[in-house]
Amino acid sequence: MIFSVVIYSAPYTSESAANALRFSQAVVDNGHQIYRLFFFSDGVHNANKLAITPQDEQNLQVTWDSFIRSNKLDSVVCVSSALKRGIIGADEARNHDLDSQSLQASSNISGLGQLVDAHMKSDRVISFG
Amino acid sequence: MIFSVVIYSAPYTSESAANALRFSQAVVDNGHQIYRLFFFSDGVHNANKLAITPQDEQNLQVTWDSFIRSNKLDSVVCVSSALKRGIIGADEARNHDLDSQSLQASSNISGLGQLVDAHMKSDRVISFG
Amino acid sequence: MSLVLVKSVSPTKKTFTYLSRSAPYGSNRAQVCLDAALATAVFEQIVNYVFLDDGVYQLLKEQNADKIFTKTIGNAMETLELYGIQNIFIEENSLRERNLSIDDLAIKVKILSNKKLAELIDSSDSVINL
Amino acid sequence: MSLVLVKSVSPTKKTFTYLSRSAPYGSNRAQVCLDAALATAVFEQIVNYVFLDDGVYQLLKEQNADKIFTKTIGNAMETLELYGIQNIFIEENSLRERNLSIDDLAIKVKILSNKKLAELIDSSDSVINL
Amino acid sequence: MSTLHTISKPPSSGLLNSCLTGVSENDALLFIEDGVYHGSKFSPDLETPHYLTLFSLEEDVMARGLNQSTLSNINIINYNDFVDLCVRYDKVVNWF
Amino acid sequence: MSTLHTISKPPSSGLLNSCLTGVSENDALLFIEDGVYHGSKFSPDLETPHYLTLFSLEEDVMARGLNQSTLSNINIINYNDFVDLCVRYDKVVNWF
């Protein structure tokens, strides 16, 4: 069955971001397919590539990144949520003359159309927030 | 009178981050002193320097930065909140071999002791979350 | 009032029901819910939009968020119809618990009973709930 | 039980009262409140710690957050005393509304009546409320 | 159709009541995160329609010091079961 | 001593009741953000002790389509007044 997962919450502040990741892992483990991850609102902070955590704590952003890469998932951060929250990819950094970028390369910035498309193409969409 | 202001909320997601800024501006406008701004938990996202907003919308991170600079305020982001959320200054970027940094130079990364100190040295501490 | 609970009419169209449950401004949930619904309408899907719980406060007349530097949600409500979203509902109990009458509201909406809300959710393909 | 409501005893010491009102794990508020209180104790200030509303759930026995990759708050409660915080209270109504008895709790706490809570807040220099 | 409703806020939030305005006969509720206090002996008695099956997520139950003996009438399930429920019901509505 | 309590969540949150367990005779309440629905004709009647003075923040009141005619027994104040209140009361407790 084809799933998509929508994440509304920032990492660490709410349990739901970590819960979304555990659920997504279980979807894959049970032989289902993930059509898309969509990071919306504060959820975009999960795709920040600059996070540094103490050695005895889970780095949620890195865990998302590994999960996305190892399963070759389509991961989208909502453009209007991301840019104003300082989640910036290489293209945006170049276009706005910024010396830094913060978006994990495993996620792409795109519009809300990708959320609607996820609902249209998936058998189930599960949201965490 | 000496105030400190503590900000627990991410920008845009909750009104309280913007409310904290308007309140802080009013404190200064009314001739009082701000001993410290302390960004805690998701509040650290207010000190992200990479935010890009549409021209017709307020850039809250830039407005905080201007406010802090023009009033020469002591602005602290909580170290344990900031690093795991990807709010990284020049020192941390260097120490961890990161190609980018995300912290506004007008804020400093420091510990929870600065919050306790703010309570000890201020006549009033107001929190927004 | 007779309610038409719209279901999918073709294999390419799905029925999306948005439940907007949050007061405006204090959090961005009202705006996020609206943005998602408008995007859905652009894709020519079938959209139901329901105001529930504190979400009914979004419909109060004479809102003006200029001084808190935010878009005024009450005005934005009119965009629902501009985007072709016609099934705009307000849940009956939420309205009554807040002493609201239809005259207090900025736009015309249909009143939805408890029972009809459950039917609407049941008959939808996707429910987005903020 | 006799309650000692501690006030500032020297000009350099202030009385901090922490109100921990949130259930553990669902949000980070319980942990944030605890971290701030421990830091306050390190600065040798006077600390009162009050569990209120859903915050009383933090005190349930046999918590184990390993599987959700988080620190177990129930264990962390013991650090309050390690840091010299002795005025640990649980608000009476919050306890009763949740059918909790002292035997259900992971650490020893004093029961605080409604009225004493107001007195504690009134007599504190700083109140941190999460 | 049938719907799986997830609820992730504690009883004090009133979220369960909102959810109950939207349930139908073939639906089920799954309590996750701080929602798992629902149905425990440490929260008000559940007043859910008899036709609803109730689930709680094991990882969240254990984290909070709850267990089967403090959760009557609730089926405790793990993440694999959570995925199975998503398949078994026609759609999922998340209340948060 | 006297305390100014701010409340920033709507009546449905139950936050006012929590706050009321902690108020004393010389205190005041200031409603901000979504708290400003308190005391409006669009929310349950306020049951606050008679000795409490009640304030609401003008910017938040106006944003939400409320005004003095829908807010009886509430003093509507601006940000400068908010700062003054912080000075006038011995401390501020923020409920959010």
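Labels for the chains are A, B, C, D, E and F, by order of writing; each one numbers its residues from 1.
Operating definition for what follows: a residue touches a chain if its C-beta (ideal position, glycine included) is under 8 Å from a C-beta of that chain, and two chains touch if they have at least 3 such contacts.
The model shown is predicted, which means the values in this text are computed figures rather than measured ones.
Ranked by distance of CA centroids from chain A, the top chain is F.
The chain with its C-alpha centre at the largest distance from the centre of chain C is D. Looking at which positions face the partner, chain A and chain B present mostly the same ones, since more than half of the interface numbers are shared. The interface with the largest number of contacting C-beta pairs joins chains A-B.
Between chain D and chain E the centroid-to-centroid distance comes to 29 Å (mean Cα coordinates, whole Å). Per-chain Cα centroids separate chain A from chain B by 25 Å. Between chain B and chain C, the centres computed from C-alpha atoms are 35 Å apart. Averaged C-alpha coordinates put the centre of chain C at 41 Å from the centre of chain D. Residues of chain C in contact with at least two other chains: 25-28, 53, 68, 70, 125-126, 129. The residues of chain B that reach two or more other chains are 8, 12-13, 15, 19, 22, 41, 125, 127, 129, listed in rising order. Counting partner chains per residue, chain F has residues 8, 12, 33-34, 59-60, 91, 94, 96 touching two or more of them. Within the complex, the chain E residues that touch chain C are 1, 3, 18, 21-24, 91, 93-96. Chain D makes touch with chain E in their complex at residues 23-27, 53-54, 57, 60-65, 67-68, 70, 72, 74, 98-100, 104, 106. Across the complex, chain D meets chain A through its residues 25-28, 68-70.
Of all the residues in chain D, the ones that touch chain B in their complex are 14, 16, 28, 32, 35-36, 39-40, 42-43, 45, 125-126, 128-130. The residues of chain C lying in touch with chain E in their complex are 19, 21, 52-53, 91, 93, 114, 117-119, 121-127, 129.
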